[in-house]
Amino acid sequence: MRINLNKIMRKDKSLLLAYDQGLEHGPSDLNERTVDPKYIFDIALEGLYDGIITQHGIAEKYYAKYYKDVPLIVKLNGKTSLANIAPISRQLCSVDRAIKLGAVAVGYTIYTGSPNEPDMFAEFSKIVEQAHDYGVPVIAWMYPRGSGIDEKNNNILAYSARVGLELGADMIKIKYNNDPEGFKWVVKCAASTKVLVAGGDKVDETALSSKVRRNNEDRCYRNGRWEEMFGNTITL
Amino acid sequence: MRINLNKIMRKDKSLLLAYDQGLEHGPSDLNERTVDPKYIFDIALEGLYDGIITQHGIAEKYYAKYYKDVPLIVKLNGKTSLANIAPISRQLCSVDRAIKLGAVAVGYTIYTGSPNEPDMFAEFSKIVEQAHDYGVPVIAWMYPRGSGIDEKNNNILAYSARVGLELGADMIKIKYNNDPEGFKWVVKCAASTKVLVAGGDKVDETALSSKVRRNNEDRCYRNGRWEEMFGNTITL
Amino acid sequence: MRINLNKIMRKDKSLLLAYDQGLEHGPSDLNERTVDPKYIFDIALEGLYDGIITQHGIAEKYYAKYYKDVPLIVKLNGKTSLANIAPISRQLCSVDRAIKLGAVAVGYTIYTGSPNEPDMFAEFSKIVEQAHDYGVPVIAWMYPRGSGIDEKNNNILAYSARVGLELGADMIKIKYNNDPEGFKWVVKCAASTKVLVAGGDKVDETALSSKVRRNNEDRCYRNGRWEEMFGNTITL
Amino acid sequence: MRINLNKIMRKDKSLLLAYDQGLEHGPSDLNERTVDPKYIFDIALEGLYDGIITQHGIAEKYYAKYYKDVPLIVKLNGKTSLANIAPISRQLCSVDRAIKLGAVAVGYTIYTGSPNEPDMFAEFSKIVEQAHDYGVPVIAWMYPRGSGIDEKNNNILAYSARVGLELGADMIKIKYNNDPEGFKWVVKCAASTKVLVAGGDKVDETALSSKVRRNNEDRCYRNGRWEEMFGNTITL
Amino acid sequence: MRINLNKIMRKDKSLLLAYDQGLEHGPSDLNERTVDPKYIFDIALEGLYDGIITQHGIAEKYYAKYYKDVPLIVKLNGKTSLANIAPISRQLCSVDRAIKLGAVAVGYTIYTGSPNEPDMFAEFSKIVEQAHDYGVPVIAWMYPRGSGIDEKNNNILAYSARVGLELGADMIKIKYNNDPEGFKWVVKCAASTKVLVAGGDKVDETALSSKVRRNNEDRCYRNGRWEEMFGNTITL
């Protein structure tokens, strides 16, 4: 089946609003306004984001009112920063449930280099098989992690990007290491898998609703010298 | 499907009688009267509790006579305090079995911060998917636990509350840390997930049957200065 | 479905003949006569026992001739004493197979306090769900075990008995600690779950066939001062 | 269903040709002739063996031509001697596949005393349930193994034989310890489970095809003073 | 069902182009040209390779245009070289998915000697069962690995080859140790399982497209003094 990326892309670019910090980092990343999912869904709507990314619990309670206007990407796995264990992020939502909740794409984090890498590879690959049976695209957060792993090293990032391709991701989200020349190789290793750049400077959420999207598109265009680069996500 | 919380709420509040101490703490928490499940079910009936919480074994043997009068919440996981292992509470009852036993809601404890957190996250999320397919609400006991985890810290409690929201809980039960200002943030992090406060002072069970409910409602109202707070549970 | 205990009880008492020593302790518990399952099945028949307890392998090869006369309880889990590992007894026979073999009840050992307690709790609870769907009662061997666990302590025994109730056992088998007053509390904690006392002095098997049953009934009656106590099993 | 042992027995004896050394010990047990499965299948045919025992891979590639003449026993688990781990032999072939390949019986090794004993017990018991549903007999290799386990001790061998009975084996293969009096007890502990003796002196394979079978039958008869003993296998 | 090897063989030889280095070794094995899967698929087409070997992700995105011209072998498991763990390569693609993607054969790596050997043996054997139900051949990468394992030792290689036969592989890929006499035994141990030799000197990829195939066939013929040897693969 043809994998349909058009629902979360415009002009071959994508600007996605990730809202999983409450789970991944804890509420210390949130404030009195951003703690409220409705506030963020409104930003996604007003800012014309190409999609919002949440865990299934938030999607289930808040997404119904935005169904027609904001594409939903359900992040299928997740973890807290509380437990002191080797990096592992387990699947918390089935592909079927994500689709029922209205998702047009699903996401999954892989910690390349972790001792738990084999478990995440296997879980991710099953997700790809299931999602692609529905024509639903899969976005892989490719995050190198583990002892002896340099998370900003070009070779490590390139390796992680390649894993995304080999394992069937339609898009990867990867952290930009501020090395434009080196990062070209990272993007090439992903080949036909789309590359979303994570991060950039932390942005005040009040700036996101109307103006930031354009600004970020600008930044995409400036970064357009990497023609293989696809788009950008904003982390609050 | 719409998740129906009305069966265990009145006036947007809920007063639940938890009766799982025999498993979680052992019979040392019980006395000659409270050791008998019938005695507690009668208190739940007379005290007009919004629900009684038990393991499947007690529900199966004792609940039939109270079916029309006391809402049942089956606690789906549980553990003893005997084994000296990292905090883990495994699922002991399927959602299907809980519903057959008459449950109008199901509960599950998550020990945030435990090395076994990933297993509990995955198990809990499947329960949410299954229960919500029936429209049955899920209550999460959000208990931070583990080495280096301060169980009364506002940030840890807020993080745990947030996990409940992100993973799809309809209500969380969380221990109040006697810091009213700090606890407001905990409640905000749960967003639309209802918050039940666990504990308070230990109450003699003879006081529970007729008078305590009103007293506890009073206490709820007094505590009503946290408008997001939903209700209260009583632990014997 | 109503759980039917009548097939292994008479006058609210039960005298069961357990024959799993060959697996649990090894053949050193057996002699030239008792090593032969047929010899023991004959004792169960002549002694009018309320049931015989065996592993599925022995039931399959020997029970057919006794089908009409001796109720069968298949012990669903088991282990040897050879392996030097933390206490764990895994399920070795499905509920379906036990019923096909003619079982009117099934048994399962839980080592409370073992690091493997969560696995046994989960496995046992599924057995309860499956067996009760057929109306077949479940007997739990509640054996506290593990480092720092006093197997004869009243509180530990009471806790273990309570676990049986909470997890859905219809009967528990528990070792009597020769403290009649303390054991009353153990029995109360089991509430409506029937309590079978394991052990007593080792009896020569030649005495079992005709006379012992009456003697043991006498002993039951003498022990009848614990009205909640239900019956007794004989260990060869 | 009746378990049919007649296909691998004659006159209540059985002489089986085991050909799994290539996996269990490595090719150092093989020579230029015996490395070829066809050579061994021909010996099994000419020597009138009551069955040949192989892994599923060899059965699939070589057994078709011998289907009518040599009974096949597929060994369902196996391991190499390369990995330095606690004794464990995992199931590598389903009962269904073994039957499709033409097996009239299936085999499985249990390392009693291994820390992995519980896993093998559980896996073996499921195999018994599945195979017996088809009326297919199950042969258990009962090999005591592990630290502190004396593999030739009569009590250990007797315990292992007993495990075979309790867990539903129709035959066990066990190593003879050259203690005829002590071994009688081993055989008694197996009760109605047939006992095959493994080993004896290593025999040159050129002697196997025509003459050895009779010799081994002779040896069986000489060993016939243990009337419970059933037969014999030859290990190359 | 007959296992059909003809689709990846010509004149009883096979020359396969493996393209999984991006996952197994990382992009450091690739250059600006070979990083692009299309470039390699074109080489496979022009070089008349008997098949190309890729992970499911690359097959899904690139194979459609080559469907009629280049046979596809999907490698079902894989791992990176990033994680510092005992050798384990988990299944990442189901047999069903591989067939949907157009595969005429599937591959799987087994690290003989690894502490994780039992898991890979079990996973591989299930794959054999599933693939052979469709008549699809299975290629096993037999790579000895682990502490104390000499990866070039004739006995270890012979043992690994034998494992491939015993576990049902239709072809094995094994590394040649440059010992022609010793390697004969390796090939004999594989018996009717076909042997593909991995490696040889690293070849510049620009030489592969038109001329190398003939050259490699030449090399095959020169190596034809091992008549049991079947073919050859080229690793870039």
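Chains here go by letter, A, B, C, D and E, matching the order in which they are written, and residues are numbered from 1 within each.
Going forward, a residue touches a chain if its C-beta (ideal position, glycine included) is under 8 Å from a C-beta of that chain, and two chains touch if they have at least 3 such contacts.
Predicted, not measured: the structure shown is a model, and the values here were computed from it.
In the contact between chain C and chain D, the residue numbers used by both copies make up under half of all numbers at that interface. Our note on geometry: chain A versus chain C, Cα centroid distance of 54 Å, whole angstroms. Centroids of chain B and chain C (each the mean of its C-alpha atoms) stand 34 Å apart. Multi-chain contact residues of chain E (touching two or more other chains): none found.
All chains form one closed ring of contacts, and listing them from chain B in the direction of chain C gives B, C, D, E, A.
Within the complex formed with chain B, the residues of chain A that make contact are 20, 22-23, 26-28, 30, 32, 35-37, 54-58, 60-62, 78-80, 82-85, 88-94, 97.
Every residue of chain C that touches chain B in the complex is listed here, in rising order: 112-115, 117-119, 121-122, 125-126, 128-129, 132, 144, 146-149, 155-156, 158-159, 162-169, 185, 188-189, 191-193.
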